[in-house]
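Heads up: the structure comes next, in structure tokens.
Each chain gets a letter, A, B and C, in the order it is written, and its residues are counted from 1.
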Amino acid sequence: MGKNVITWTVRVIVYLGLLAFFIWVFSNEYLNHLVENFEEFLVLLRQHIQLVALSSFLAIAVAVPSAIIVTRPKFQRFEGVVSTVVNFGYTIPNMAILALMMGIMGIGFQTAVVALFIYSILPIFRNTLAGIQSVNSNLIDSAKGMGFKPYQILFKVELPNAAYSIIAGIRTAVVINIGATALAYLIGGGGLGNWIFVGINVFDNSILISGALPITLLAITVDLFLRLLERKVVPRGARPSTR
Amino acid sequence: MGNSESTFWRVIDYFQNNIDWILELTVEHVVLVGSAIIVAILIGVPLGIYLTTNEQLASTVLNIAGVIMTIPSIALFGIMVPIFAVINQGIGFVPAFVALILYSQLPIIRNTYTAIHNVNPQIRDAAYGVGMNTWQRLFKVEIPNTIPVIMAGIRTAVVLNIGIGVIAAFIGAGGLGILISQGITRGYHEMIISGAIAISILGITADLFLRFLQRLLTPKGIS
Amino acid sequence: MIQYKSVTKIYGEDVTAVDQVSLDVNEGEIVVLLGPSGCGKTTLLRMVNGLESVTDGDILFNGESIKSLNEIELRRKIGYVIQSNGLFPNMNIEQNVTVVPTLLGWSKEDKKKRFEELMELVGLDAEDYRKRYPHELSGGQQQRIGVIRALAADPPAMLMDEPFGALDPIIRERVQDEFLAIQRELNKTILFVSHDIDEAIKMGDKIALMKDGQLMQFDTPSQILQNPANDFVAQFVGKDRMVKSLTIHRIEQLMERYELLDSSIEKGQIATVSKSSNLRDVLSYILESKQQAVHVVNENDEVIGQVDFALVNQYMIDLAEKDEPVVNP
């Protein structure tokens, strides 16, 4: 009984906090900037989504195949080196990568795409690698013994059983990417980060909230959507809870 | 490629000429991240341990921490600035400090909770069997056995916070992000690149240091 | 059907895992490769379907060198079962069982029909299990699925690498019995790896006992137990090898050499056994009933004579003296 009370208290406090936040936002008319500049909002939103989609797509297209390649027997000796590099890369903040790319490529949409793309590679690559490596070697042995060809082992055994991990990596990457894209404004990439930085610079809470709230909702929504996709795509037997 | 070569030397020059200021910013950065992490540990580890006794609350708290984690950092800053402006702390150290504590919670709580939760029941039984009370069990058996996992959570949080600390410079919290924010405003490439390099070095150093600390704190018998 | 011709396997520079092994597996026979861990039995098995390469010598499958055959096609003709069952967690039971037929491009109807046949073979309800996933099944059920998956494309031969090793003793025995019943119907040629002498005696038509990559003895279970070729074999089969060998001889076999004793005591006062009982059970009944002998009955439950301790003893001594052990050179 006591434990239930604590749980419910925490939940109620969180919901009340959220409610208070929205009441505060609306009573101060902080979303007015968004309503009054709705056309501009849509342009910024479209830029934002374009940046995220393009860089994420490129990152998936590069990271998944490279992780597959380094787990092939022929290339396995490179795997240690690659993993070390990837782990080091993970400790480098995304802002540093954006800044470095700007130093090298100057400002603009392309710089933003390249920087976001580079940063998104890491989580996807790492999770794909971990997913494929965690596939039980007995399964591969069985598959070989039953006469699977190498590509059949990859597509029928390894990838389906690594799917959960791969999609989780993509989800992490995309969600981080949505946030990183907000910074892309700084290097001329556009997007909803525009209003946040302008808001900070001119001390205008309305502009600030009109940028920050939609980005937050976008990140949470995309996260939820990808979680749903995860449930749809991953075979029931290959989910971690069932192993 | 003569151009990139000269950029390289200009960055080296910039470092040499501004080394004192860069070190000062580094200290600011470390203080911001360090103080936030200490508070985060003081909240997160006991909370994580408590959650092992209350499953229902555990899933609620982990869900909340998970949602906070998906909020982009600049957006969270953007939301906190007006909130803290209510108590006249809108720009500067306080919103950054609070945001960093919030972001640290998921890795720290989750790792502590899962680690303690997964302590081999036989070890726990044995602790009862030799007559330990709950606190003795916690400090002599459960925590020592879970140090690697808890430390891994703290390491994740630190590395994450060093990155987010950079962005905090844009809301006036100081630190190495200053090199980037000012560099961008002034179109000063050497400054930006120096900032990016300094931050990367800080991130990698912190990670290595914490790995070392983790090894030091882990009892010998645990791999 | 499977012939090893002085097969040798050397890992790296000089680790000899299999040393000049020759043995023939005839059609419809179960040959158990038996030995302690690291003796090379699994390597020997995995060389047949090319999961391990052959360093020297050759293996013939249906008279053809496996080196001349297409590896992928060869593997699809040989069923393969491993200890941890190797079921694919991402596929449901039907997809798992019909995975080789799928590779071979069977039609949907054929696959469905085959799945139902196979499930019936192991007494599992096809409809019930079709859409379930491996993790939702018990260990024994998973292993049964592993076995019928290997049978799916009706391969003439099967390789089984400690297929029942992960099961607990009671379940293991049940699955072994089931498998033997299936084998009596299907007559597959089977190579079976085991480290358990009791399993080998039970499952094998012949046993190949290995040590350090070398074949110590290749013979029927009865010969291995009664006439071990050397000290290692004797030690491996255990001090109770004579008791074990009692399990593979039945009263019927004894009756081929000896007359049963007269049944002078009334049926009912002493224990009764059927003539298909093994000799170990016979002794066990004699001891349990605290009498000198047991009645033997035929299929119609009619007493046809008696067996006593001395008769069993005589039979076993006779066997051991009569047959010469077959030793691998």
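By our rule, contacts are C-beta pairs under 8 Å (C-beta built on N, C-alpha and C of every residue); 3 or more make two chains touch, one makes a residue touch a chain.
Everything numeric in this text was worked out from a predicted model, so none of it was measured.
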Chains shared as neighbours by chain A and chain C?
-> none
Central chain (distance from its CA mean to the mean of all protein CA atoms) | A
Chain A and chain C: spacing of chain centres that average the CA atoms, whole Å = 53
State, to the nearest whole Å, the distance from the C-alpha centre of chain A to the C-alpha centre of chain B.
-> 19
Mind checking the centre-to-centre distance between chain B and chain C? Centres are C-alpha means, answer in whole Å.
-> 59
Interface with chain C, chain A side, in the complex: residues 136, 138-139, 141-149, 152, 156-157, 160-161, 163, 235-238, 242-243
Chain B contact footprint on chain A (complex, rising order) = 3-4, 6-7, 10-11, 14, 21, 24, 30, 88, 90-97, 99-100, 102-104, 175, 178-180, 182-183, 186-187, 193, 196-197, 199-200, 203, 205, 208-209, 211-213, 215-216, 219-220, 223
Listed in rising order, the residues of chain C that touch chain A in the complex are 46, 49, 51, 72-76, 78, 80, 82, 84, 86-92, 99-100, 103, 133-135, 149-150, 159
Of chain B, residues touching chain A in the complex | 4, 7, 53-54, 56-57, 60-61, 64, 67, 70-79, 81-83, 85, 90-91, 159, 162-164, 166-167, 170-171, 177, 180, 183-184, 189-190, 192-193, 195-197, 199-200, 203-204, 206-207
